[in-house]
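There are two complexes below, and they share subunit A, which is joined by subunit B in the first and by subunit C in the second.
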Partner chain A sequence: MNIMWSLLIPEWTVFAFLMILLFGEMFSREFSGKLASQVTFLGSFVTLIACFSVLGVTDSTFGGSFMVDSLATFFKIFFAITLIGVVPMCHEFFDRRLKNPGEFYLVLWSSLLGLFFLVSANDLLLLFIALEIFTLSLYIMAAYLKHELLSIEAGLKYLILGSLASAFMIYGISLIYVSCGSTSFPVIREVFALRTTHSLILLGILFILSGVCFKVAAVPFQFWVPDVYEGAPTPVVAYLSVASKAAGFAILLKLLFTVFIPFEAARTLMFSVLAAMTILYGNLGALVQTNIKRLFGYSSIGHAGYLLIGIAVGGEAGTSALLYYLVAYGLTNIAAFIVITEVGRRVGSDKIDAYRGLAKRSPFLAGTFFVALLSLAGVPPLAGFFGKFLVLLAAVRGGLGWLALLGALAVAISLFYYLSLVRMMYIEESSSEQAIGVSPVSRFLLVILTASIILVGFWQEPVLSFTRTAVHALF
Partner chain B sequence: MILYLPWIPIATAFLMLFVPESQDRLIRRLTLGACSVCFAITVSLLVNFEIGNAGYQYVQRFDWVPSLGISYQVGLDGINMTLCLLHALVSLAGAFMSCSVSKRAKEYHIFFLLLVGAIYGVFTVLDLFFLYLFYEMTLIPLYPMIGIWGSKNKEYGAMQLTLFITAGAVIALFGLLVLYHRMGANSFDLIRMADTLKAAPLDQSIQNWIAPFLLIGFGVIASLWPLHSWSPIGYAAAPTSVSMLHAGVLKKMGPYMILRVAVTLLPDGVAHWATPLAVLAAIGILYAGYAAIRQQDLKFIIGFSSVSHMGYVLLGIAALTPVALSGAVFLMFSHGVMAACTFALVGFIYEQSHMRGIADFGGLAKQIPFVGMCLVMACMASLGLPGFSNFASELVVFIGTWPRYPLIVCLAVFGILITAIYLLRTVQQVCYGPPNPRWSQIKDAVTLFEKFPFLLLLGALLLFGFWPQGLLRIIGPTVEAILS
Partner chain C sequence: MTIPLSHYLIVSGILFTIGLFGLMIRRNILLILLSIELMLNAANLNFIAGSALHGEINGQLTAFFVMVIAAAEVTIGLAIAVLLFRKMDSVDTNDIRHLKG
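Then we have the complex of A and B:
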């Protein structure tokens, strides 16, 4: 078999850093302390550059089970940028809490390796294995603060419900294998195109989709979200809310638009109902929260709802709107979580009350958080606005007017809880006047992220054409 | 030059981020400078405005997102030229009034400039996407400005105002998206949209169901009864220059959007809903007027009064005759300047006395003659005394509406009587009567710097009160072209 190794340059890079960390851990004590996070931070940039080596390439190898196309490359770049944002957060967060956080970065790299194979998988088995590598790493990361009860609870809850979802998925895969005789995407596509009403395949699709809906936290598969978000270490929550969600949507896009194509009519109905429920549940649930991480848990459910509209609509308009929304959501959420990490570390609490008077204690953190919150709420000219605009426009064009109206009204609901946070920061007085410092790396990242939130919201063409190119792989 | 109008204040706000908080004189000068430059640009645009030309002037266009038909396009016709002038006047006066803010001055001025820039954006762009973008962008500064620098119930007022306007905006957004989709020309360019829909109008049934989304959505910010409840509470809570900009200019964005989008693009749909709109407007005029009679708080009186006056504007739009529409646009201008002037005066008094109840004052005309007289004049303008432009514009609205809704006009004229009741009572209790010794220390506006905002606004009211043709000849041709 002729293997094109050059297609795997990003994966090789990730693997190389995984090995560096593994051996560094083994042979040096100091490494585990500070060096590990620095190597990881450097590695995330190298990985990003490595991803550009496959930009514009469409090819497959390993007997067609590993495929590089514009969509996979899009997601790899997305994940690498997520890593760049998450690593300094991890450093800030674990700095004082743990002596040897080196292992944590090891697990982080292994999760990234899982993600990279996941988006390139062209075979159900490889897809499943990659997904398991990713989620297993996440279970460990969620429970990483092993002396804190909430963190253990989060990890355990995530593990139990996550394994259930994986079980559903592998059962679905087995049903599809039984009916199609293969796990390879092209073969399944051909068989399904000929036998569109085959009940075993349909059952298998439903099982697989429910497994994936767990990952993206769509109602009614969202129960784990608030508890896990509250308990897990803050940087892990950031990673979970951005990377895990994006991974789920990568699978949905790949399966629904390149493999199970004839499933279309049922897809529109199913996902528009899911999207409506998810938007309502997330935004209404967020109204009454007192813990900021829990609030972001509910808000991330709400955002999943908007992303699901993109799946329900489908077509080039729907899917490219979805990717745009994902970019906006990713940038904004990372910026928000950097602030949450900084405040959590320096004020020592994740309660919403901890944000009282933040505008006085740190105008910089309050200002960047203000921009991030408004972008999440979808206020122009910020990134989140144009994401919502595209998604709603796609819904109207796709004949789902009711869903667009619901999504539009939910913006007004969501503004209430985002503005409540703004009120805490700007209007309420804090009992402590002590200034809050920001680490230089976080400051730098926040400036870059805030600038890009405004830029992506106002100068839409570059990102839009990038997402359009990415979805060309599907149609 | 029109291109720079929104961006001068926004760029100044960005610059101000890097000015240290202790440099408050520099901060004030930056705000005053940005607003003055914009004022000068607007005046020069007005002077060079070609009268009798119904189309858009100063048009400039840049493709922005070609695949969706979004372009950054600016231009002025009679309607938004008038509103730009209104905004230039009010924002300049507002900048002067903001100079007295001392608490967290830097943040205040940044938010103020963002607000001013976004409103210039609304009144200059001719692309539906950017129109909506700037329209919702005005929300960013409003919430913190009212919440931080406001008074009395400020958090509640700020939240209610923001949520009402956002809810209206997203309802309108849905209507806009459906309109864009149904039109099928893949363009947000308003000029092109108008041409396309003139050549091939949408079906009556489609127009009928899109129009209410736009009318209700944009009606919220125009405080259409019964969606007005945010308005008096919000204004009572807001700091002076925010009340000025909001009552004076932001509220006019609602009728402007209705004219620019609904009336221009969906004429048959608006005509279908015109009678209910006229009825709601008339109820608003009478109801808000009656509510104003019952108020004791000066800012609530003006707040309800502005709801009542916006009813005349909406009534003029509902009539859909060229005369009524001209009157409506002219009234938007007159009421905006008058409302801003009244809020500025009340703010000036409140800053020294920290009292706003009308019973708390008395004989102010004696104690502070200049401000007292300005307040009397502003109230006279509001109740429609000939010589002020409010009289001329309300008269034009009534004349224009008469052929369509004679009965409603008869009822609405009573609104003027009600206005006279509460304003005369206010003037009598606040400015005349026995002087309240409590306020013997209160200071009048003495320097030209303090007097300037009031002189500017009252001067504009008098100028166009004696010379209404000055604005009507600009508005007229555009309005006729929209209705033809």
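Then we have the complex of A and C:
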């Protein structure tokens, strides 16, 4: 069998940096300090460049179980950019708190390796192993502040509920294996196309989907989100909220649109109900929160609902809108979490009250947070608005008008809690007038992210054509 | 005499359900981890039954991979349980309620 190593250039790059960190950690003291975060930051750019080496390539290797296509490349670029946004946050957050922050970056790289294999998997077994590499790293990262009870508790809750989801998923995979005799996607597709009502396969699909819905935090599999978001370290929450969601949707897209194709009628019904529940739960739950990370937990559930609309609608319009929404959500959420990390570090609190009078204490942070919040709420002309607009438009065209209406109503609810944060920052007075500084790297990243939130909103065509090319792999 | 596939599926279904109930009812973290293990092993039984049924080796390989993953999961779970025990002198989930929800 011929193995095309060149298809794995992004994975090799990630693996190389993983090894550099591992051995650097072993042999050099300096590495466990500041150097690790710098190497990781550099490495995230190198990984991004490496991802472009497989841009436009469609091929598979390792007996067809590893597949590179435009969708996988899209997600790899997405994850590399996420890493670029998250690393400075981790540096800010961990390097002051821990004696050996270097080990954290090791875990971060291993989670990225899992993600890269996950989006390229063309076999249920590889998919499951890659997903486990990713989530096992996340459990460790969530519980990383080992002297803080909240972090341990978040890690434990995430681990127990996450393992439950994995158990459902592997049980579903085993049922599909029993009925198809293979875990390879093309074989399963053929068998399922012939026997569309085979009860074991259908049961298996349901088990797998419930496992994936846990990852994307769809109601009724969302109960872990608020607790984990509140307790876990802030940079980990940022990474979790973007990468875990994107990974879940990558699996959903791949499985529903290329493997379980005859599942279509049930898919629309199932996912439109899930989307409706998720949107309502997330946005209503966010109304009464007092902790900013918990609020973002609920808001991320709400956003998962909009993304699920894209799955329910399907087709090129629905899925490319979903990817556009994911890009907008990723950029905005990282920007918001950089602000939360900075405020959390300087003020020492994640309570919403800490944001009182932020505009006076740091006009820069307040301004960028303002843009991020408006984009999350979906105010034109920002990126988040066009994400919502495209998804809802696809829903109307796809005959799911009621869902689009519900989504539009939920925007009004979400405006309430996002804008009450804005009011707190700009109108209310703070007890302390002390200025809040921002580290240069965070400042630089925030400027770039805010600019791209505005640019992607004004000038959607490049991103949109990129997402359209990406979903061509599906249809 | 060969045992038909349905028997394996029933046993694995029972195992999975016991694990699921254990996870929901038990309050001790160690027993919760044990229940998760049980659910993963239910899947393993399916893989091996499927492998015998189709005369194909991949199912047995998959079972090994699942065991490795289960071990990794439990290792992390125990590590976190140790952290928690140091902090609270208890591995009972009733005592973990600092995050409201």
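Please note the rule applied: the second predicted complex is superposed on the first by the 475 of 475 C-alpha atoms of A that agree within 3 Å, B and C clash if a C-alpha of one lies under 4 Å from a C-alpha of the other, contacts with A are read in each partner's own complex, and residues count from 1 in each chain.
Methods note: contacts are C-beta pairs under 8 Å (C-beta built on N, C-alpha and C of every residue); 3 or more make two chains touch, one makes a residue touch a chain.
Since the structure is predicted, the reported quantities are computational estimates derived from the model, not experimental observations.
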item: Touching partner for A:Met19 - first (subunit B), second (subunit C), both, neither; value: neither
item: Touching partner for A:Val288 - first (subunit B), second (subunit C), both, neither; value: neither
item: First, second, both or neither for A:Ser174, with subunit B first and subunit C second; value: second
item: A:Ala154 touches, of subunit B and subunit C: first, second, both or neither?; value: second
item: Contacts of A:Glu230 with subunit B and subunit C, given as first, second, both or neither; value: second
item: Between subunit B and subunit C, more extensive residue contact with subunit A; value: C
item: Partner chain(s) touched by A:Leu392 [first = subunit B, second = subunit C, both, neither]; value: first
item: Residues of subunit A touching subunit B in the complex; value: 359, 363, 370, 374, 379-381, 385, 389, 392-393, 396-397, 401, 404-405, 408-409, 411-412, 415-416, 419, 422-423, 426-427, 460-461, 464, 468
item: Complex interface listing, subunit A residues touching subunit C; value: 125, 128-129, 132, 136, 139-140, 143, 146, 149-150, 152-157, 159-160, 163-164, 166-168, 170-171, 173-175, 177-179, 181-183, 200, 223, 226-227, 230-231
item: Residue numbers on subunit C that touch subunit A, as the complex places them; value: 5, 9, 12, 16, 19-20, 23, 29, 32-33, 36, 39-40, 42-44, 46-47, 49-50, 53-54, 56, 58-59, 62, 65-66, 69, 72-73, 76-77, 80-81, 83-84, 87-88, 96, 98-99, 101
item: Sites on subunit B touched by subunit A in the complex; value: 64-68, 70, 107, 129, 132-134, 136-137, 139-140, 143-144, 147-148, 154-155, 159, 162-163, 166-167, 170-171, 173-174, 177-178, 180-181
